[in-house]
Amino acid sequence: MFAYAIRRLLVAVPTLFVIITLAFFLMRLAPGGPFDSDRVLPPAIEKNIMAHYNLDLPLWQQYLKYLGGLVQGDFGPSFRVRDFSVAELIMSGFPASLQIGGTAILLAVMIGVSLGAFAALRQNSLTDYSVMGVAMVGIAVPNFVMAPLLTLVLGVYLSWLPVAGWGGGAFANKVLPIVALALPQIAYISRLTRGSMVEVLNANFVRTARAKGLREQLVVVRHALKGALLPVVSYLGPATAAVITGSVVIETIFDIPGIGRYFIQGALSRDYTLVMGVMIFYAVLIMVLNLVVDLLYAVLDPKVRYT
Amino acid sequence: MIHTTASADAMAGMEELEGRSLWQDARIRLFRNKAAVVSMVVLGIIAVMAVLAPYLSPHPYDEVYWERIQMGPDFENAHWFGTDGNGRDLFVRTLYGARVSLMVGILATTVSLIIGVTYGAVAGYVGGRVDNLMMRFVDVMYSLPFMFFVILLMVIFGRNIFLIFIALGAVEWLTMARIVRGQTLSVKRKEFIEAAHAGGVSSVKIIFRHIIPNVLGPVIVYMTLTIPQVILTESFISFLGLGVQEPLTSWGVLISEGARVMEQSPWMLMFPALFLAVTLFAFNFIGDGLRDALDPKDR
Amino acid sequence: MFLKHFKRASLSIGLAVALAGTAGAETVLRVGNMGEPATLDPHHVAGTWENRIIGDMFMGLTTEGPDGSVVPGAAESWTISDDGLTYTFKLRDHSWSDGTPVSADDFVFALRRILSPELAAKYASLLYPIKNAEEINNASVADLSQLGVRAVDAKTLEITLVAPTPYFIEQLTHYTAFPVPKHLVEQHGDDWIKKGTIASNGAYMLDEWVPNTHVRLVKNDGFYDAANVTIDKVEFFPSEDRGAVQKRFRSGEIDIAKDFASEQFDFLKKNLPDETRVAPYLGIYYYPVNTNKPPFDDKRVRQALSMAIDREAITDKVLKTGEVPAYSFVPPGTGNYGDPAFVDWMDVPYKERVAKAKALLAEAGYGPDNPVKLTLSYNTSENHKRIAIAVAAMWKQLGVQAELFNQEVTPHYNKLEQNDFDVARAGWIADYNDAQNFLYLLETRTGRQNYGRYSNAQFDDYMAKAANTTDMDKRAQYLRSAEAIAMEDQPVIPIYYYVSKNLVSNSVVGWEPNVKDIQRTRYLSIKP
């Protein structure tokens, strides 16, 4: 397994290279440039700016320059934000995203798995339907509705929690964003858990275990749940990466200094280097988390072997 | 190891024999599930309303009523759901929105289902180097900026609502592929598969006859999760100006418009959101019903 | 009532939030600034949200008074030569926040820096009225000392212009003309703007900038007028989500919100009547028409399109935020101008206008059998969308088939610059309070910013005449004649004049609405 992990990490390097190359050229195909705005720049000034950012070079030279910088750990300057480099922006934004996203995903796994298992054990009963129904609210009410609703009720009307802002990372400021971020995840995870749990509960080895007279609790926890978690774990890899790299909607509504906004803002304003930087960061996270998921598979299911 | 030792040969044979009755059986089970049946009826009603939208309201979907801008439900003028910020009837717009959202939801999910299930099953079943390569490709796709992908499609092929389906489906299949691959990895070690393999059944046949039916459970559950995701992503794309263009609309667009004025004009949020929620619930219960009905171990 | 009650209840938490970032009984002004600054370097700044921050930190030769009018800043007094070309400024005795005195050299250094091609400053063109500024910026003159700016002595600065420029004194309040501390920029290069190396000459100095969290300024005790500055700290929050900012304002987490959504105006007016502040603003919302492309090269088609727009319906029924229907390109009240030249059909009742528009279209060869088909482009925004829908509905009565085309902002303006559109949404906020700043958009030589590529020799002629006269009345006349031509030709369809929309807490004292929407913190105070 260790060798497998090493091999995967080695494969990651060319994968990353492919991603960078594809993204670099794809992005330049999109219409509009980083300096298009309602103020047209006089030709002389535009020329100065293009030269300043090397945008006047042929594309392949820009690409090589960018790669050269990357090798030295330089993500380049942002095209829009002047006073911070891309690396500084990511480093200052990631802790906030990680705190909010990490907590949300943990919360979602705990609540989601419990709800899902609970519902599965009472399959097709009223309890099952109501638990799943409540969980579905997290999906059926999109977060751009849920988040303003939460702030309106808990922040403006009841004044229990701050409406928005980071507050230097105060706990009160994190509650609502975490809840808003966790709700849909709870829904997804509980549904996945319930689905595969129902399946596993009907599987032969669980039936046998039950027939052998093992205690119900033990059957559920040791055998059923473990098997049922496979699809959940599959889902968690990319979901975790997506959640801890921040959600643009949540960050905008709650004014959280995460990196989720950089991607969309960067893409909209054609801030090529910022988008590339966030994307590379995200790609590395995805690959690491997917590796973790694959290794977890082997732990959860002895039939999955890596050689 | 707690495993039954039922003859794998016999099991494989049984499935061959019962090939047709599997689906008949599933249908009977599905129709026995009350929640699923009610959901199908509800979805049917919404779909029929969407199709008949022009005949259900006296108002065209794009008519601007200058005297009735952003007004609450008003039965005198037949604005049952009120009007939007441009004085257009919200009832008929909600139904037109249903057309776009339901189509996006179903078609994009189908695209993602076909690609994802096939891809995941092949990767998981074949394994080894091929699996590795295929999954790295998924990694690449995951990390590529989805938005540029969509923008590019629009730029290259022009604006077309069907492109949204393709773009969304082409992005949403990734997680599906991972889930199917994971399931396949564990199913393929099962005795009846190994037996079928030893018995000389071709790989393609094994994948489609044995692997896929056995991984359908989580796939269907995930599918019912994909539908809402796709419907909401569509609203984001439309918001960027790449999806449906005014005066056409979708639920996602109506809801994001309504969310902005939820305090002042709650009806603008309530009605489209209600339709979306009911639809998603219905899909969800149908999904559960289907899953139960198709569960091979339950038969 | 209901709201007020909740607002008071929330004060405690609002305070707690405020205190989390500060200490003691200082007065803090918290501003919902509607944008994350891209930079604090005055030479690279390009947005109003950045101006709000650096305008508190730096002070140009002239600066804004409490009501936005021009008052002496770093210069105590000045004289202008008779030909209107040479300005001599006497600097005030004051220092950078690190104690170094501000000298005329700092101004010379700053103006040379922003104009040097290597710096690639976006807004440098605003300084082109200065002698040789344009030549230095486009690298045709390499010798920076050729710039028409000279330090006569440590406290005397002389600026020479290319042509008499009646708005020059006002332009000096703009951030492009801010001084920078020569000794620090020379030592630290572009990094001088970071905390620890920065010094400013205004009422406040940088305390902290956490990206996407806040920019905090603290009072500069060395400021020449520090005795009259009462607010100790200013915090600028970057959120662009107007709904969220509005909620933060209502819960007492911020004192001033620099914008709110039009849809929410009715609600705000009802619930926060004293705190919702709307005022005229120096800007025009308009639809440029592509004059290069048939059928829009036909003046009659453009006139018909313009006449058929019921601007009152848009401002009163769609926007409802007090915007003023526009029948001219230059907003009324613009400096050095007087009344703008309105379209001559301004007072014709709407019904008659529609009939006239139909007749014009028929004359041009268009009608029910041969409808004008066009694409109306707008960039992503709720208001742009709602206006476009309304306009399309109005054009429908002429038989014009308008297809709406929504794009994100970058490709939208990219297409406009490249003259690749039929009719599109655009807006212009004046850089300085002068009619020329609007009308130059329609000159042939303006090029890409003249989106519709309008070209009329007579118009250009009047603009050139206006540029070369020192007689203010004559100049205004020339400009008005030019505008009258443009309003007859309708290369741009004016829709409405902008308004500034603010939410200002009742506890903020000294906040005055004005056409530039600039209220510097040094003039404000907070009621306990």
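To keep things simple, chains are lettered A, B and C as they appear, and every chain counts its residues starting from 1.
The definition used in the following text is that contacts are C-beta pairs under 8 Å (C-beta built on N, C-alpha and C of every residue); 3 or more make two chains touch, one makes a residue touch a chain.
The structure presented is a predicted model; accordingly, all values stated were derived computationally and were not measured.
K.L.:
Using the touch rule from the top, work out which pair, B-C or A-B, shares more C-beta pairs.
P.N.:
Spelling it out, more C-beta pairs touch across A-B than across the other pair.
K.L.:
Centre to centre, using CA atoms, which chain is the farthest one from chain C?
P.N.:
The chain lying farthest from chain C is B.
K.L.:
Report the chain closest to the protein's overall CA mean, measuring from each chain's own CA mean.
P.N.:
Closest chain centre to the overall C-alpha centroid: A.
K.L.:
Quick check: how many Å separate the C-alpha centres of chain A and chain C?
P.N.:
Going by mean C-alpha positions, chain A sits 38 Å from chain C.
K.L.:
For chain B and chain C, let me know how many angstrom lie between their CA-based centres, rounded off.
P.N.:
46
K.L.:
Just how far, in Å, is the C-alpha centre of chain B from the one of chain A?
P.N.:
Taking the average C-alpha coordinate of chain A and of chain B, the gap between them is 21 Å.
K.L.:
What are the residues of chain B that contact at least two other chains?
P.N.:
240, 259, 263
K.L.:
Mind pulling the chain C residues that touch 2 or more other chains?
P.N.:
243, 408
K.L.:
Among the residues of chain A, which are close enough to touch at least two other chains?
P.N.:
In chain A, residues 30-31, 148, 152, 268 touch at least two other chains, as defined above.
K.L.:
Could you please specify the touching residues of chain B with respect to chain C in the complex?
P.N.:
So the residues of chain B touching chain C come out as 62-64, 66, 69-70, 85-88, 239-241, 245-247, 257, 259-261, 263-265.
K.L.:
Which bits of chain A are touching chain B when the two form their complex?
P.N.:
Touch list, chain A to chain B: 11, 15, 18-19, 22-23, 26-27, 29-31, 123-124, 129, 132-133, 136-137, 139-142, 144-145, 148-149, 152, 188, 191-192, 194-196, 198-199, 202-205, 208-209, 223, 230-231, 233-235, 237-238, 241, 263-264, 267-268, 275, 279, 282-283, 286-287, 290, 297, 301, 303-304.
K.L.:
For the complex, give me every residue of chain C touching chain B.
P.N.:
Touch residues, chain C against chain B: 243, 261, 263-264, 266-267, 313, 317-318, 379-380, 382, 385-386, 388-390, 392-393, 403-408.
K.L.:
Okay, in this complex, where on chain A does chain C touch?
P.N.:
Residues in contact with chain C: 30-45, 47-49, 51-52, 80-84, 88-89, 92-93, 148, 151-152, 155-168, 170, 172-173, 251-258, 261, 268-270.
K.L.:
Under the touch definition given earlier, write down the residues of chain B that touch chain A in their complex.
P.N.:
Within the complex, chain B contacts chain A at residues 2-4, 33, 35, 132, 135-136, 139-140, 142-145, 147-149, 151-152, 155, 174-175, 178-179, 181-183, 185-186, 189, 217-218, 220-222, 224-225, 228, 232, 235, 240, 252, 255-256, 258-259, 262-263, 269, 273, 276-277, 280-281, 284, 288, 291-292, 295, 297-298.
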